Structures are given as C-alpha cells and as structure tokens.
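In the two complexes that follow, subunit A is the common piece, with subunit B as its partner first and subunit C second.
Let's look at the complex of A and B:
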C-alpha cells in the first residue's frame, strides 16, 4: 500500500524429523518383502485383494489383519498407466535424467501399486498393457523400511518388461490407477 | 434451508509470481478490503471469518489463521480455517455459505490465499526428501488413461491451453498474460510429465480472493446486484481403493448431482450459462466436463474441440483464464466460485458472458478425491 514501509523477508530452512510407529500389518509386509515376497490381504466379504495391505477393506470396512487373510502376490504384472517424467531442476531435486513411472496391476492383486519406476526399457516403448516384472535389490541392500512409507522401492529397484503379450485394455479398464 | 445466501462483495488481488511488496497478512487484507468495498460494508459489519489455504508448509506458517486474524478484522470474532487440499478455496466458500444458510450469522467474510513464493511448493508437492513426481507426475497417468480410453486427439489439450490463456488477456487480475500463445507454441513446449507439456500446466502464483456473504435481508440491501447461492455441495472419496476411477471419480459425479438437484437443474449443458472449473492441467477440462455431466463419458473432448467451451461458445469454461493462468493454490478454488458469482452479477468486465444468469463454480483437490461446487444465479431462489 502506498506510504507503508517496505516488507522485509528472511530465509529460514525448515527441517522436520519424526519417528513413525508402524502398524503390525505394515511391519509384517515389510519383513516379508525384504525376504523376497510381496503379500496382500483378501477381504473376506468382497474378495478384493489389497497390496500393500492396510489391515482392513476400505470398501466393506472389515478387518483383514490375521494370517488367514494373507495371500501371496506375484512380482509381475501389467502397466495400467504411466508417465515419462522430465525432472524440473528445482532446489532439492535428485533426478537428472528422463525416467518412467507407472501404475502396475500385479497378478493376484485387485488394485494397482502407483509411482513404480520402470527400467531396462526404451522410454518410447512404454505402453498401457505392457507386462513387467520386479528387479529385486540384492538381499543385503533391502531396507526394512517399507513400513516407514518407502513401500516396494525399499526392496525392488525397478520393473522391467517381460516377453509376454500385452494385457488388453478392457481387462484392466476398471483398475487403471 | 432456513436462510438464503447472497454473495454481496467480491475482491481479489492482482495475481503474480511474487508479491514482495506485501506480507501474507497484507495479501489477504488486500483481497478482503476489496470485497468489503464492493459490498460497501466495514469490518464491524462482519460477524465471522472463514479462511482456507493449502498445506501450511507451502508458506512455512503453521496455523496461519491465528496470525491472520488481526489482518482480517477477526479479533474477538469466530474465525474458522478449512483445509481440503487444492479444493480448499471452494470448500471454504461452502462452509461460509452454511454459516449464513443455517442462520448462525448474517454476514460472513470468507478468504482463501496462497503465497507460493514464500515457501517451496515445487519441493513440497514433490514429496520433499523422499522424492516423488509432484502434482503433474501424479495426474499425468490419469490423463494418459483418459486419452487412451476416449480416443481423444492430442491437440485437444493444446486447444485448452491456448483458450484459457487467451481468456486471461481479458482478465486484469490474471497472472499469466501470454499474448503470443498459439497451438504451435504449446505443442513445441517442453514435455514435463508425458502427456503434459509445460504450456499445458498451471503457473505458481501469489494471490488471494475474498467474498462477503449475507443472508436474504443483506442480499436485498446490497448496493450492487448480488449472486444468489442456488446450491452448494462438498464430496470426497478415499484416494486409493481397487476399482476407483480417478479419471471420472464418483465423488465428483455425486457432488455435481447434489448441486444440480438443489438448483433445480436437470440439463446442466443448457441450463448453465458458464462454468469456472478447476483445470490445472489442460486435459482436465474435457475430463471434468464428463464428470460434471456436461458431456457424455469419453466425449468431453468433443466439447473442447468444437469450440463449445470457448468464450464465444454455448457453454464457456474458465472465461477468467482459469487455474492454467492463475494458481495461488489455496485461492484457486475460491477464484472459480468468485468468478462464477461475478458473471451472474454482470460484474465480470471484459470477460463477461452476455446475459449470464446461472453459473457453476468447481474445485477439486488431493488425489482427485475432494470436490466442492456451487451454482450461483442472478435471481433469488
């Protein structure tokens, strides 16, 4: 406003440290993942299979937190949607090269896992319906941090194409993301 | 509904990349003063204040409603803060409307804002230290799925990008003024998150928007034509569950159905004179036209392609230039609501749609899971 004093600004970096106590379901998922197995929970009412599991079905609102609900999920599936990211170099950006991330519908799961890194693939060849499999980190490099929000990336380095025919769009049209 | 609600004052800042001449408090006050001037009211006439903004970390001010109470004349009055991610500007207006409709207050000031330059929103939206792909990277696969599913030609996204920027040239408050933009420049701009190009993306802006809402008596006494609220609604859904369709979310469909029902609208394409819709990436125009029931499933792109959503079209969308031209995140939703109200008041200046009597304001947020909408009209419902 006219006549008022100029506004001065100061720079202050904010750092937030926190500890998360993960739920038993998340801890269990992380342990199995580090041992090389992706697990999910099947809802006893609607039969939908959740991975990573949250311990309940968010549609039926029933618990799925005991061993009897646990099912093994394949480490291979179908790319249902994707983007090729050309990383903007804002402060703190760690990515330098163009890369692809995808939503993947794993065989045996009812919902996709999102933001999964694709690798060993020509970026022009990435497509919806493409079949992919997990490239696991060496066992000693797997971090027991899936429970802390790092998800599948704590044990799986990336996903690469496999030589299988594409899944037709109509088979996953309702499970794109 | 016990009371009718009228929008009797509207104010906004001139949105821009950085407002170094004002603090956060100065920014919100600027919009609020303009809204009060439009309503010809003073601070003492306001009974309560409802404010909205996106996550606190965007500016680094925790619980900004406490710090901003003085600047908004709210000391000793009820002040409420609303937070529903990107849709917050819309939900904030809905909460303020409810305070009037319920008869709790006669006159309410509602304000939404973002001063993106003060924080580090690119970093914040990209997941901070844990990495991440940002809002563009998150929504790009949804857009990709829409294009695949609908068979829309790729130039539809470019057309929206050009149309909204040309509309912004008629709006003195808009941030981006890209007077030379055309299809070739959009198509030639850098691909950031395929299929989203740089010129198909929203900017980062500093700005605020404010409205004064009043009950029926206040609406009748208003010095300028008010906009009457014919319907308002909020809906949300879980962001992740098997079978969720983020391209055409059920929460958005339900929200639209609710506001149309309240407003007595059965054919929104014909009965609405214009729409201000939350389109941060160009492809969201055709996607939301389907979600809002303006176009049939997989055919929203034909609406854009035919020019129906252009300023001169039969259902103009984002005559203000929209989020693609101005994006102070927390305020972006309220700007949609306010621009819809300006249109039915006949106060939209050069961006005025001739004879607009009924308009829809729309906002969305989160993982395309939070929705807020209102229908406003020139006639008292």
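Let's look at the complex of A and C:
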C-alpha cells in the first residue's frame, strides 16, 4: 500500500527446558543394553515381541513388565528398508560422508527398529533382505541414554553385513514400510 | 438433538512426582472406562482425546497416546490440544450424526516435565504479551485483584473457599490436598502473587481420565443410572487479557445460557476453578446461588491434572447422578489464561 510504513520484524528467542524422567521399563532396557543384550517384552495374549519395550501391548492393550515378559533379542537381523544419506552441509551438520541408515528386523522381534546406521559395507551393496549384526561400542563408551529414548545407538556403533544368505522378501514383506 | 449419556468414568489419581509415560498413565484408565461401560473395546464407534504437546515436550506426542486404545485395526479418532472436556463435546457432536452409538473420550497431561510458569506463556498472544513472559499465577492474581476491587470480596473470602474445598476433598480418594483448616491459619501464609497465596493456587500434577458415551436407549441397557448430556456449549473471551474486564466472565455466562443451565434447578456444580477467586467469578456468571453444592469433590483446588481437570469435573458430575442419586448437575471446564475459554455441560438423570 502506498504511504504505509514498511513492515518491521521482531526477533523473539524462545527456549523451554524439559526434564524427562525415564520410565522403569526404559531404565531396565538401557541397563541390559549397556551390558550387551537387546531385550524386548512379549505380549502374554498375542505373543508379539516389542523392542524397545514400552510396557504394554499396543494391539491387545495388555500391560507387560520386565520380570514376567522380558525376552532376549538377537543382535542380528535383516535389513527391511534403507536409505543412502547425502548430508547437506548446513551449519551445525556433523556428517561429512555419504552413509546408509536402515530399518532392521532383529531375529526374535516382531517389528523393526528404525534409523540404524550401517557400516563396513559398500553403499552400492546395501539391499533389502541383507543380513547384518551389531558392532557394539566398547563397554566403557556405552551410555544409558536408551532409558530416555536414545535407542540402540547409545550402545551399538553400527551394523555390518554377515556372511549369510539374504532373507527372502516374503519373510519380511509386511515390515518394509 | 439425539440423547447422549455418559455411562462410565475412570480417572488416575494425580501424580505430583511424575515419571510415568503418558501412554502408560492412560492404559489403566482407558481400560477401566471401557470395562465399566460394558461396550466391547472393538465396538467403540469414535475416539476423541485431549492433551497438550507443549506439556509433554514433543511434537505429535498425542499420537503415542492412541496406543492406549489398541488402535489396530485402525479406529476413527480425533484429538484436541485442549482439556478433555472439549474432546467430550466433539464426541457428543459426532454422536449427533446418528451413524454410531458409542464414543470413548480421554485426556492426559504431564506438566511434571516442565515449568508451567514458562510453558503456559506460549498460549498467550505471541506479539505483545508473550514476549513479557507473564506467568499464569501472576495473570490469575491480576484477575483476583480486579474481582476483589469490584465486588468487595476479601482475601478471607478466598481462604474460606479453600477451607471448604479441602474439607470436601477429605472424601475424595483422588484428591491430592485435603484436610481441616481455618481461614485465619491459611491467611498467615505469605503471598505467592498478591492477593493470591499458595492455597489459592492449584496443585500441579500429572494425570489422566477417560469416559464412555452412549447414545439413546442403549445407554439405559448398559448403565443403571446414566448421566444424560442435556446441554453443552463453550465460549471464548478476547485473547488479550488487557481488553477484558477480568472481574467477570462473559464467555462462562454465555456458555451457561446456551447450555440451558437456567432451565431447571441445579443441585451440584463441579467447576474447574483452579484458583480460589475463579469460583466467585463462575458462580456469578452461571447464576449459581447458595443452594447449589459447589465442588463436592474438592475441585481443581485440590487436584488439578492439567488438561484432564475439566474432563474430571464432568466425570465427578456423572458420579453425582450415577452414584449419588442427583437429578440435575452442572459441570464446567476452562482453558487459557484468566478463564479465557469456558465450557458448560448440564447432566440430567432419566
């Protein structure tokens, strides 16, 4: 509009602090993870195995607990989906090289774990159905931050291919999305 | 209007310590409300929930809460960033469509994660008010001051409200604060923000609540004495507290009128008056005389799980009809600074 004042801008920095308390189920999971074991909870009704466990079956709505329903999960599984990341060098970006992340269906679990870093593999060899195993961080470098939702990366550095035949697609087809 | 009734209610006792994930707070209350209703979980036609991602501290935090309903195969649901009382109204509207008969309503809040004096600033006008970071207790104190100045009520009157609420809360197992006090002993406490003292302000705790609504005769089949929603309405005052006369609540008055409060005698009113002075403003706006029993549960002054408080008021009103044999009960919920938004619900027995 002619004659109107120019639009002015104001800057307002907002910072909110949250203190999250870890749930007992997540604390148990993190403790076992730091000791080198991935665990899950098996639903007493439908048998689905959740990892990391949340303390209930979200399909049956049945509570689960570490004492009665904990099961050990293998640190080995199948890549069900993956993406190759070309990190854009925005300010604060820590990644410099191209890398791969995958969803992995661990042996003994009923669902995939997402956002898992792959390593020790040529990126053009990464594929759905590929068998991988965990490369654990040295014990002193593992953190209990999985209790706060940090996931397996708090104790596992990356996943590398193992010399096993690929899992046939029909065995993980329902997990690819 | 299609007749819709509340047939069951469940609430988690407010937890001042916090630490239980929101979805795990919800699992037991959702299960209990569904079990008490007699409606099989898979047959519920619509689910509506209220929670606040700013309290949880994560975007889309409410999606995780849906897991408490066992949302597989997929369910029909909706969510509000509001107190669960507003979710109840949406469910009531949904039942008016006539194609489904049952709805689940639930609410959860986890204020233990954060400092409410900061977080609640973000519900204010973002340009002129929020940059001043006026905390919610100071804003409430401005309203209390305006009320005392206009009406001649005193700080002792406010303390008397607290005395009565805490005494009533003695019989409420879900209350966090209860006991026998006298106004003169309460008035010896220092101000938090003049004219409000700690006892005039609500406790802050995590909590959750759930209820099941059923339309028509099926409610009578399922429930001995359902509470029929015979009027429900919500209204909003201006967003900026500075343009309002804070000593009155036109939005509560209008909501009460449109909900039909005056169409018959009210035996009990459960008001979401989180601060003591709010009860005086609401009594006036809703035209509630001394004959009305206000907050027999102790109200929000004694238990205030953020975002579930309003739904709990409606649940307490349901109990008055279902368990206490009352005929006509009012429930109120509020949201925003200084009673900015008000919802009024009239429940009746058959």
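Heads up, the rule we're going with is that the second predicted complex is superposed on the first by the 162 of 177 C-alpha atoms of A that agree within 3 Å, B and C clash if a C-alpha of one lies under 4 Å from a C-alpha of the other, contacts with A are read in each partner's own complex, and residues count from 1 in each chain.
The working rule: a contact is a pair of C-beta atoms (placed from the backbone, for glycine too) under 8 Å apart; a residue touches a chain by one contact, two chains touch by 3 or more.
Fair warning: this is a prediction, and the values are worked out from it, not measured in the lab.
K.L.:
Quick check for you: in the superposed arrangement, does A:94 touch first (subunit B), second (subunit C), both or neither?
P.N.:
The first partner, subunit B, only.
K.L.:
Scan A:177 for contacts with subunit B and subunit C and give back first, second, both or neither.
P.N.:
first
K.L.:
Touching A:59, do we find subunit B (first), subunit C (second), both, or neither?
P.N.:
In the superposed model, A:59 contacts both subunit B and subunit C.
K.L.:
Is A:159 contacted by the first partner subunit B, the second partner subunit C, both or neither?
P.N.:
In the superposition, A:159 contacts neither subunit B nor subunit C.
K.L.:
With the two structures laid over each other on chain A, which partner does A:12 touch: subunit B (first), subunit C (second), both, or neither?
P.N.:
both
K.L.:
After superposition on the shared chain, which partner residues are touched by A:29: those of subunit B (first), subunit C (second), both, or neither?
P.N.:
After superposition on chain A, A:29 lies in contact with neither partner.
K.L.:
So, A:81: does it touch subunit B (first), subunit C (second), both, or neither?
P.N.:
Only subunit B; A:81 stays clear of subunit C.
K.L.:
Looking only at contacts as defined up top, I'd like to know whether subunit B or subunit C touches more of subunit A.
P.N.:
B
K.L.:
Determine, under the contact definition given at the top, whether A:169 touches first (subunit B), second (subunit C), both, or neither.
P.N.:
first
K.L.:
Considering only the contact definition stated at the top, list the common interface residues of subunit A for subunit B and subunit C.
P.N.:
Common interface on subunit A, subunit B vs subunit C: 12, 14, 58-59.
K.L.:
Which subunit C residues qualify as touching subunit A in the complex?
P.N.:
18-21, 23-24, 27-28, 30-31, 41, 54, 57, 67-72, 112-115, 118-119, 122, 126-127, 130-131
K.L.:
For the complex, which residues does subunit A have touching subunit C?
P.N.:
10, 12, 14, 16-23, 54-56, 58-61, 63
K.L.:
Within their complex, state which residues of subunit A touch subunit B.
P.N.:
Per the touch definition, subunit A meets subunit B at residues 1, 6-7, 9, 12, 14, 48-50, 58-59, 80-86, 88, 90-95, 101-103, 109-111, 114-115, 128, 149-150, 169, 173-177.
K.L.:
Which residues of subunit B touch subunit A in their complex?
P.N.:
On the subunit B side, the touching residues are 20-23, 26, 30, 57, 60, 118, 120, 122-123, 126, 128-134, 137-138, 140-142, 144-145, 148-149, 190-196, 238, 240-247.
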